[in-house]
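After this come two complexes, each holding chain A, first together with chain B and then together with chain C.
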Partner chain A sequence: MAEQLPLLFEHKFNLTFANFYPGKNREIIGHLKDCVSGTGEQQIYLWGNLGLGKSHLLQACCQLAQELKKTTFYYSFVADALPSTEILSGLEEYEVVCFDNIDAIAETSDWELAFFNFYNRHRDRGFKLILSSNCPPNWLTIRLPDLKTRLNWGLTLKLQELSDQESIEALAFKAKQMGFEINPTVGRFLLSHYARDLASLWRLLDRLDHATLAAKRKLTLPFLKQFLSQDESD
Partner chain B sequence: MKYIINREQLLVPLQQIVSVIEKRQTMPILSNVLMVFRENTLVMTGTDLEVQIVTEIAIENTTFAEITLPARKFLDICRLLPTGADIKLEVADDKVKVLSGRSRFILSTLPAENYPEFSETELDHRFTINAGLFKKALEKTVFCMASQDVRYYLNGLLLNISNSRIKLVASDGHRLSVFEDNLANPAGYEARIILPRKGVMELVRLLDDPQIQLAIEFSSNNIRVTINNTIFSAKLVDAKYPDFNRVFHQDFLTPIHIQRQLLKDALTRVAILSNEKYKGVTFDLSSDSLKISAHNPEHEEAEEEIVTDYVGEPLSIAFNVQYVLDAISNIDSEISELTIASNSSCCIIDEPETRSYRFIVMPMRL
Partner chain C sequence: MSALWNNCLAKLENEISSSEFSTWIRPLQAIETDGQIKLLAPNRFVLDWVKEHHFAKLEEAIQQLSNGSLSLQLDIGSKKAIPAPAPQHTKAPDSKKSRPNFLNRAFIFDNFVEGKSNQLAKAASIQVSENIGKAYNPLLIYGASGLGKTHLMHAIGNAILQHNPSAKIVYLHSEKFVQDMVKALQQNAIDTFKEYYRGVDTLLIDDIQFFAGKERSQEEFFHTFNTLLEKKHQVVLTCDKYPKEIVGLEDRLKSRFGWGLPVAIEPPDLETRAAILMKKAMMAGVDLPQEVAFFIGKRIPSNVRDLEGALRRVIANAQFTGREITTEFTKEALHDLISLQDKLVNIDNIQKTVAEYFKIRVADLSSKNRRQSITRPRQIAMCLARELTSHSFPEIGEAFGGRDHTTVINACKRIASLRDSDVKLEEDYLNLLRTLSH
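Right after this comes the complex of A and B.
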């Protein structure tokens, strides 16, 4: 069958608190905002499953810090592809520092030590540190005992899973920012027939955007069923 | 109160105003044209609350009055009266008498104080541009806008001002057009707004004098264009235009050059036998030759061959013929230039030299 290919539009969103679907995590957002603006905790350790929005929240912290004219730094660690520990030099002078996937530095002795030293210098200055990970601090496989203790010092917050209803709302919220609509029927169908985890659902959203653009169709239930069945056969 | 206006003075402004007025209205008064008589001027307004046109015409010394008249009926009457006729309006209570020669009409009015105000925020950005250039920019882009897409940004036109550069972009998701040029007077800021489809269409119609200088003012919610005695206002599309530049950042084959008319004629003929729904045609490129072919579900076939300057490996790519034709028809030069991405993921159609506008057509999988 003939198929028109669509243009590849990229939605470059600033990841802010305003475009984060809060669900049950409203309180966490409050803590993060307080921390960045200077009234809250000095250190926040945020953990939770893939797709819940840890990176989004950390970047939102940086956006807020910039609005408040604070110096800020964000870095996302990737296990097996750690940068040189040099990136930490001078970082203690930054008022708000966010490290995504801090679990990735565990069991790498030079990184554990370098991070421990940075941690102390940064903390002495009274600046804010926000970390994210897929597990609570006690479960980290960090070998340096002093570092592990320190990661427990601040406020540890667990991002809550969204209920089915909230996941549907979150999908519709994100789709709206991309310019199209996901009605509740379509949302429910996706959750019951496609995937329940947000990480897979976010990935699907881009592909649905392209598919509806190519077909110049609304995302209706019949369209979605056709898309998913073609997807399986491909 | 009596007013005399010449038909020729009234006709064009009235036509422009009626064009923004929707045929079906939720508020009856929006079918009317607001007419405000002041000393030596008549100000007429028409709106659908999204787009508004206000135009001022000079008339001989008058007393103050505000009325609203059924716009389409009033236009039809003026239009069908003889050229050069004087039209006399007599205002009395809730009726207006329209008299001209031996013709007599009585139109009903609605109170002018109920005419809705067009809400506008403070217009904090401003630039000036030659009307001819702006009209050309609009004409080279509007045909790519979507009309009823769920994505609001596609049913509009991106206007991007970067100090001394102006850029207009429109796309329906299958093709895209970009117009870029310099502003004679640098604007001193960077801004991106999306004009709504209807407003753009009306604006193109208003720009009939290529010589004049336009003052364009806008905020994040509204735009206002002043064209001589006419003020065009529109609410902007509340959305963010996505980034489309990735399409340019890839490897392209050496451009091929084809006589524009030759290509247009060949495409038009081949299109006859393309699938009515998908309109797909195949371009087969081989050294020095472009073969364009189509077939339909009735197994009928069309084929045209054009000599080109293509050098390279044989290549096959398919397009919706209408998209290619629209782009080719908007090329001003005799020669059209087609630049296909190395991985056949898109085709850029433009003029060989000037490059103030470019059209991108995405391919089809047949």
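Right after this comes the complex of A and C.
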């Protein structure tokens, strides 16, 4: 039987707090929710390794803000592909603003200055700012001291790594959101034979979703082994 | 928010990736009028992006959900958000014509913690608020970022308003002055701009170093400054360094900024850092034990914003876990921060930085060389190691060529005493402290 070609689509399910696997990061989720709802901190700086869910959490903040009928904006910076600083214009009027990968603006003087000015305008209005990065504020290579001290001003939180057991649970949790199942045996196999970093695992999960859909198969250990061996030979 | 736009968002969030949706679609604000839905983007950049990449999808969704009764229009703008209550800006009583003064009411003299490093600046600020235009004009407060310059500036404005609620005061960042001027030039309203700034009783301008290289703004500020001083109206300025050191600032401005009283704010000493922490905690309704304040103060030696950030972490963690704030608890709550600080500031790093600063070799610091050009940097490095790391006196002695712990104790005492009497050494020490703390 010919393999059924799945429709090529990106998973578009909404990233919310409910579909985030919390692991040891329940406290962080609490602070983010409080911040967005208006009872918590004015500024949160979230940092941690790739794949721990920083982007997910920032977008979940935007989703919550929308539910609460607050104006919200999200942008994910990419180093070497920064947009025009005009993107900051008018954002001081937004009640919840989230910037992902803020480290990308470091050492770009026009961006550092523009962000510094936006920061002051936004803060003066008492609105909420949520930032993420792969390192703590003190490690950023930002040259403008006035901006660097301000990034240290708010609540700085580190996203905790997941243990192996938590990673297996997180895989099962995420797969369930995507509409398929990963049993613990498959999860353990992935962790010991494929990769331990979550970013790689999430990418694999996307491909497995397509593969199981195309083959109309459940994700069993034999299927996974076959998929990975095929992947290697490709 | 219009019900139709809500439905549209619900439809599109399943069709566009979450990140794209959060950046380009969710921020749009909808205004529904007869036969039309207008979506407002915050700026031209977002507007153009949405037009180019998402217009068709938006239009299709709106057509479908409104059964073809609504057309779509995109524009730049904002339905004004209701400002959050956090920083309370005061308005002059006769504010019908004037705009807000942008003073933050939370910054007053009473909650500014005074120490050796900032007492002169605070005293001068109080003098200025009580003798407007007469005591020191201009008052220039300078020092590194995050040491309380802006707090003092707002405190001056708030104190003046307390004595005279109808005083025309304006606080602004120098960049705002530049932006307002550019806008005024674009709108052919430069005379209104001049009239506004030259008509205030007290002008408070923060971070004048940002005037550097902006010649037209400097020119305009120069005239505003002169007019205010001629009328004996007060000008207060802050800067991150002594103005003569600013590259790109006209000499005539540098000279004028020095006419009144330039006063420095230095990084706070340990006792002041602890006092700041206790005051901030008290303002947050939290009882911070003194030993905890000293513990945090010892680990965060740089500036007030860093101190506040660490305190927030401790308070937030205590509130979440319901635990009492003790030193042990604080160590746990600040574990990440402290371990990172330790990675950043260790004895090797201190030796390297001190050696570079005094242009000697790192090996000299561990050598038996007793020339003063070597012993003084060595003593400074030992003292910094004691202040910035958690190493014991014997461990520090060991790292400096296997010296006895009493040598380290004596070095720390010597440097502490010299910091009080030798201005140059104090400056060197603070420069190194700043370099190592960031």
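Following the convention adopted for this analysis, the second predicted complex is superposed on the first by the 225 of 234 C-alpha atoms of A that agree within 3 Å, B and C clash if a C-alpha of one lies under 4 Å from a C-alpha of the other, contacts with A are read in each partner's own complex, and residues count from 1 in each chain.
Note that contacts are C-beta pairs under 8 Å (C-beta built on N, C-alpha and C of every residue); 3 or more make two chains touch, one makes a residue touch a chain.
Since we're looking at a predicted model, the values are computed, not measured.
Visitor: In the overlaid three-chain picture, which partner chain does A:95 touch, first (chain B) or second (chain C), both, or neither?
Guide: The second partner, chain C, only.
Visitor: Contacts for A:74 in the overlay, against chain B (first) and chain C (second): which applies, first, second, both or neither?
Guide: In the superposition, A:74 contacts chain C only.
Visitor: With both structures superposed, pick whichever of chain B and chain C touches the larger number of chain A residues.
Guide: In the superposed model, C touches more residues of chain A.
Visitor: Based on the superposed arrangement, let me know which partner A:156 touches: chain B (first), chain C (second), both, or neither?
Guide: So A:156 only meets chain C here.
Visitor: Output check: A:181 vs chain B and chain C. Expected answer is one of first, second, both, neither. What do you get?
Guide: It touches chain B, and chain C stays clear.
Visitor: Figure out whether A:42 sits in contact with chain B (first) or chain C (second), or with both, or with neither.
Guide: second
Visitor: Could you say whether A:141 touches chain B, chain C, both of them, or neither, answering first, second, both or neither?
Guide: In the superposed model, A:141 contacts neither chain B nor chain C.
Visitor: So, A:212: does it touch chain B (first), chain C (second), both, or neither?
Guide: The answer is first: A:212 touches chain B but not chain C.
Visitor: Give me the intersection of chain A's contacts with chain B and its contacts with chain C, in residue numbers.
Guide: Common to the two interfaces on chain A: residues 10, 12.
Visitor: Name, in rising order, each residue of chain A that touches chain B in their complex.
Guide: Per the stated touch rule, the residues are 2-12, 178-181, 212-214, 216, 218-219.
Visitor: So in the complex, the part of chain C that touches chain A is made up of which residues?
Guide: 1, 9, 13-19, 21-23, 26-27, 29, 42-46, 76, 78-81, 83-87, 89, 102, 104, 144-146, 173, 175, 179, 207, 210, 240, 303, 305-306, 308-309, 312-313, 316-317, 320-321, 336-337, 340-341, 344, 438
Visitor: For the complex, give me every residue of chain A touching chain C.
Guide: 10, 12-15, 27, 30-31, 38, 40-42, 55, 58-59, 62-63, 66, 69-76, 83-84, 86-91, 93-95, 98, 113, 117, 120, 123-128, 136-139, 145-146, 148-150, 152-158
Visitor: Hey, which residues of chain B end up touching chain A in the complex?
Guide: 146, 149-154, 171-176, 239-240, 242-244, 246-247, 275, 277-278, 280, 318, 320, 345-346, 360, 362-366
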